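Residue numbering begins at 1 within each chain, and the chains themselves are lettered A, B, C, D, E, F, G, H, I, J, K and L in the order written.
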Amino acid sequence: MKLLIINGPNLNLIGQREEEIYGKESFLDYFEALKVNKKIDLDYFQSNIEGVMIDTLQSSNHDGVILNAGGYTHTSVAIRDCVKAIKVPVVEVHISNIMERESFRHVSMISAVAEGCIFGFGLKSYDLAIDYFLQK
Amino acid sequence: MKLLIINGPNLNLIGQREEEIYGKESFLDYFEALKVNKKIDLDYFQSNIEGVMIDTLQSSNHDGVILNAGGYTHTSVAIRDCVKAIKVPVVEVHISNIMERESFRHVSMISAVAEGCIFGFGLKSYDLAIDYFLQK
Amino acid sequence: MKLLIINGPNLNLIGQREEEIYGKESFLDYFEALKVNKKIDLDYFQSNIEGVMIDTLQSSNHDGVILNAGGYTHTSVAIRDCVKAIKVPVVEVHISNIMERESFRHVSMISAVAEGCIFGFGLKSYDLAIDYFLQK
Amino acid sequence: MKLLIINGPNLNLIGQREEEIYGKESFLDYFEALKVNKKIDLDYFQSNIEGVMIDTLQSSNHDGVILNAGGYTHTSVAIRDCVKAIKVPVVEVHISNIMERESFRHVSMISAVAEGCIFGFGLKSYDLAIDYFLQK
Amino acid sequence: MKLLIINGPNLNLIGQREEEIYGKESFLDYFEALKVNKKIDLDYFQSNIEGVMIDTLQSSNHDGVILNAGGYTHTSVAIRDCVKAIKVPVVEVHISNIMERESFRHVSMISAVAEGCIFGFGLKSYDLAIDYFLQK
Amino acid sequence: MKLLIINGPNLNLIGQREEEIYGKESFLDYFEALKVNKKIDLDYFQSNIEGVMIDTLQSSNHDGVILNAGGYTHTSVAIRDCVKAIKVPVVEVHISNIMERESFRHVSMISAVAEGCIFGFGLKSYDLAIDYFLQK
Amino acid sequence: MKLLIINGPNLNLIGQREEEIYGKESFLDYFEALKVNKKIDLDYFQSNIEGVMIDTLQSSNHDGVILNAGGYTHTSVAIRDCVKAIKVPVVEVHISNIMERESFRHVSMISAVAEGCIFGFGLKSYDLAIDYFLQK
Amino acid sequence: MKLLIINGPNLNLIGQREEEIYGKESFLDYFEALKVNKKIDLDYFQSNIEGVMIDTLQSSNHDGVILNAGGYTHTSVAIRDCVKAIKVPVVEVHISNIMERESFRHVSMISAVAEGCIFGFGLKSYDLAIDYFLQK
Amino acid sequence: MKLLIINGPNLNLIGQREEEIYGKESFLDYFEALKVNKKIDLDYFQSNIEGVMIDTLQSSNHDGVILNAGGYTHTSVAIRDCVKAIKVPVVEVHISNIMERESFRHVSMISAVAEGCIFGFGLKSYDLAIDYFLQK
Amino acid sequence: MKLLIINGPNLNLIGQREEEIYGKESFLDYFEALKVNKKIDLDYFQSNIEGVMIDTLQSSNHDGVILNAGGYTHTSVAIRDCVKAIKVPVVEVHISNIMERESFRHVSMISAVAEGCIFGFGLKSYDLAIDYFLQK
Amino acid sequence: MKLLIINGPNLNLIGQREEEIYGKESFLDYFEALKVNKKIDLDYFQSNIEGVMIDTLQSSNHDGVILNAGGYTHTSVAIRDCVKAIKVPVVEVHISNIMERESFRHVSMISAVAEGCIFGFGLKSYDLAIDYFLQK
Amino acid sequence: MKLLIINGPNLNLIGQREEEIYGKESFLDYFEALKVNKKIDLDYFQSNIEGVMIDTLQSSNHDGVILNAGGYTHTSVAIRDCVKAIKVPVVEVHISNIMERESFRHVSMISAVAEGCIFGFGLKSYDLAIDYFLQK
């Protein structure tokens, strides 16, 4: 099994900024630990550019994608269309509980076309998404 | 670790009805297997009555509650207030992907006061919620 | 043919209160006359508790249910889910013309999953629902 | 007792088109059988023109009108005003369950000024409306 | 000076129905008195059919039209387009105070393209519209 | 017969500003001509202060008030309450066609409690309001 | 004079939870002191179940009910219908200032059918409601 | 203890107008009786001018203000800002049950910044507000 | 191949009115040229009456209909139902760019049931619709 | 160059109240320093009364007005109309960042008719407005 | 004549995915055939990146652009601004009938600034857009 | 002090297009003059790509950023998140008065997280933003 984590805009800043929302751990440190713990083939990609995220989704040949589209979650019809069009199953994750934040974060364009969605567990949201693919 | 699963209205019918949404497996069969697989102390409670669910939440002395409030998810201020008031951490789960169903199911009154939310993975949504408590 | 009438909250007060809306006849008197006139096997159940109405719907083994969900009509996703989940056909009735009352009564959560809906004919709404099952 | 059925736009096509919604029976065949079965004096009028339906409502001298205003149901203030202005009692019927179709069909301009409303029972909706007038 | 009064749906019933809103005087009696009092060349047309009202507006060669579009006031883009397209100036009138009635009567599609609007003065609304054309 | 014209905020600027909307004539010149033409006892009051307009309405002992509340028209519950509370009949007027201007001008808080409303005829709107009181 | 206080869901937790909103005093301690101070015959009932609250309201034979419907305040048509249907006068109270909390708490289904409403004074809201019945 | 009652627009007319809403008693008579009954130092101020009400609030050196902002209740950000800015505690009162009147009266700009709110008890609303300050 | 163009209300005025929107060419001149240029069997029908347009659509035996429903485009459920019910394919056209005009023109009831839609190209919109049928 | 600063309701309290929003500096101290620093002829006017602010705007003969309309910003059509009607250019300023406060502060009636708008810079917002007039 | 087709996000997948919506033909095959059939100088550009589409639009020196902005159609103010700012005329096309899909696809930010719009004809939508430029 | 100006999509066209909105001056000419006049270290960056703007914001080590996000202003949660996450203070500017343009331009996603906002002063908006940083 080979999985891909795609992080969207500003998620490269995790661990450096807004620690009260995203925690103190850098995503790359977390990612390295994750590969070791889960013992799976795991790739990571981050971009601030919506269209480059779509390019990456389209060219993925993984068994599953774990997608945190960051700020594009709430407005991107293009990412939604991409998730629906590709054959690789996609699980949507969010670090924070998007439903207790501003109201414009309560809507996700992606949820309806993802296999499922996990949010609010901090970085553990990624753990749970991997567990899902492993148990499937 | 001792956990409690609370299922709300009509979730006693899982496996008997609307198999295209909820699958064919009975929840009780699934629950028995879950106890064996996860090797934890796990209780189960189901009610169709909103206030009885609140009674159960208030009197819980578990380490965590996994709550699928069914149809009350979308309207119940009372369950929300209860989840916020009690000290036991609550994870919200849904079997189906509520965001690809009718628009009145897109709003959850509970998400904002839960630790996090997992939906769309079929009965595996409960698995992942237990994993979360185990890893915590 | 065996039918069940389920009345929701406050409908036990029919004939005692708000006569300009619901008329002067007590529902139980009306019900007794109905059994005689229609010559069918007819049961009656009333509860003020949403979840108890769901319990009753789930355990019904009748050929049809005539459901007046009263105030729960306008908000209950849980009753809607139940009506959709069970195999017994359900006809929705209302005594008053809900469309000429307050705007929050103009929406019914139940209509879309019922076989059909009859409202505004006073207690005769129940008569017509029984006629429908008899003619079917 | 003398009743009048008024059908609005496109209801002349019943039995020829969209059989999954309206069924296979032609309305005229149904109407002839209805006259025989109900043993009442029954007239029938159909028009695609909103204002001609109003002309017919205004000039009716029947004991009751059974009105299916078709697509005008959802927007016509003029038919509403007419139903309210005339003395003949009007019952609103719909063949399909308008509440499980597109959202623009969920609003009826006519319901609030009709005696009552019956929808979702196929052509039997007309039967029940006649029953109402007979029992009244 | 030659003026035309166009009345829309159900306004032929003035004086016969809903006297608390429209008063007891028949429009034709009022119209005859109006011709005498105002000493102008005055025509009158009434139709329940939206498109026939448009035909009449298009073919008018009067110095002004006084238009009470009745129930079409609130929804008719077609009458609006016609009033805007023709060269004859149009004054909108209503007998009742449309702003103290149901909320769907608070919007007029016609006002923005009429010269002006007069409502709430009973049949005197027509008087004032004629005064406007005379003083102009 | 003794009438009072009350003009609200900025209407003292008529004839000096925004001539494409309000015309070139000063209101005071128009007012003087009006008194001569209509041969009635006519008072005039203008204020930019909402509460002073209310003071004036409350203390009026005229046979009628012609009220152009200017920018307060669209928001003032207080003026509405005053118009409803006093015994003197009030006619609402506007110089411009408020329905062809910005959408926030399409709603009047006052219309529903006034006898009637006249708008869009330039300064002639006041003429017509006086005609109404004279003919009444 | 005999009064009844009915508290809805989660109000049994007052004094134990969310002290920043509800204060530290237990409701039962407060209630005992209230009986002594006000020198009236005072009953108390609490339930988390909407329909059981309705049962209690229907069977009350008190001179007045003081109702804090908790989370059901904002959605319950059924409690509203009950308050309207019974003869016992009902005063609505809330401990917190519901208008400075989340927007879904700004709407009360009950206010329009209660005698009056008192909110935001902490437990003193109940005191004032009793004062009202005593002074009446 | 020294309290101030501030009444907003049109509340000087209480007892003279709209008796079905506000009752027959003049506010000044009521106020004189109140001073005697409550045995406190009580001032009274009424104005129809929003900004003068703000001036009064700003310069108050009382132990509490009882504010009925009348028609400004529903729209005034300026009064809200003032209530929030001053140190004197403010209790909002309304004579009528604003929630059973027109929908534009259902929103209060002031409630969220007041200590609490009392409405629907007729002139007794003021009594209860004074009781609150006395018991505090 | 035999096609039918149906034009709705006020489209008989093309070339005579509002030239800035619809151009100077009369539709009949354009139509004659179109028949010559496209070398197909082409019929033309115009009516201001919604129901007569429906009659014409129902009785069409052409290979395709090009429908410009004018002002009925934005509100007519009845024309929508008709287009959906008949077997002849319908292409929706508009002369002007309806999306740069008033907001009430941005919604078309017809688009969702037409084969496709072409707007904004002046009279060339009809050309393109014919091209579509020819290439099909 | 001669400029006028107009401050609306409650802005006389700057420096005394809500220091977390408006800072500790009194506006008059700030104003005196501003006159010295900017070396221009600068007037200052403050009122809590909407209409008095309009009087002042109308009678201004300055080269520019710097307007902070306080709580009237969000609702006043009358101030908007005044700013549009007068010839003196107006710059809108706000001390706080109105877009990070309550949602009812996100709309300004004035912005669309002002030359421009500056908000969120504390008292420096006034500095920048003066700079604009100086650089113009 | 030299034209440019610009396709937005995911339109590179046409012919490979979601054949029920977009058909089986690859866009590149279609494009090659188009160049042959239409005998014009035709360029093609596709990108998943919104800003790169804008770069391409800005640098176009063609006689016309045929733009299918895919998922950016519904949200992109930036593409709208670009289409409005450049001199090259732009025709908007969509393969599917966007009005019979999800409601968030019913709004196009681009239509109002394009010359016209063609949608719902499958790949033939591009054909018709080219025809338009050729006939112009 | 070292500042950075970031311009978003289409702002490279300033001075070339839509002169009635943006003026005739090229931004680069203006920028060069600005560096000379303000005597500060000033960088400039423009991109049509949302994510590249985010990259630039994240890597900025300036003392302040002046951000005109162009069309992304109104929809970009991603830029908002970036502005909030970085430590460099950001001032939002717009050349035109966005509040007098289309309603979709009235909302800014960025304002609430910027230090402040300046709009409507033409290119001088940038001047004022620099003044702010200089005076700070």
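Everything that follows uses one rule, which is that contacts are C-beta pairs under 8 Å (C-beta built on N, C-alpha and C of every residue); 3 or more make two chains touch, one makes a residue touch a chain.
Worth saying up front: this structure is predicted, and the values here are computed from it rather than measured.
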item: Graph separation of chain B and chain J (steps between touching chains); value: 3
item: Both-way neighbours, i.e. chains that touch chain L and touch chain J; value: none
item: Chain C on chain E, rotation in degrees - Cα superposition, rounded to nearest 5; value: 120
item: H-J, C-D or A-L - pair sharing over half of the J-L contact pairs; value: C-D
item: Separation of chain B from chain I, taking each centre as the mean of its C-alpha atoms, in whole Å; value: 54
item: Mean-CA-position distance for chain G and chain C (Å); value: 30
item: For chain D paired with chain L, centre-to-centre distance based on mean C-alpha positions, whole Å; value: 61
item: Numbers and ranges of chain K residues touching at least 2 other chains; value: 49-52, 75
item: All touching chain pairs, where touch follows the definition stated at the start; value: A-B, A-K, A-L, B-C, B-G, C-D, C-G, D-E, D-I, E-F, E-I, F-H, F-J, G-H, H-J, I-K, J-L, K-L
item: Contacting residues of chain J [partner chain L, same complex]; value: 97, 99-100, 106-108, 111-121, 124-125, 127-128, 131-132, 135-136
item: Chain C - residues contacting chain G, complex; value: 8-10, 12-13, 17-18, 47-52, 70-75, 104-105
item: Complex contact set, residues of chain F against chain H; value: 49-52, 54-55, 58, 75-82, 84-86, 109
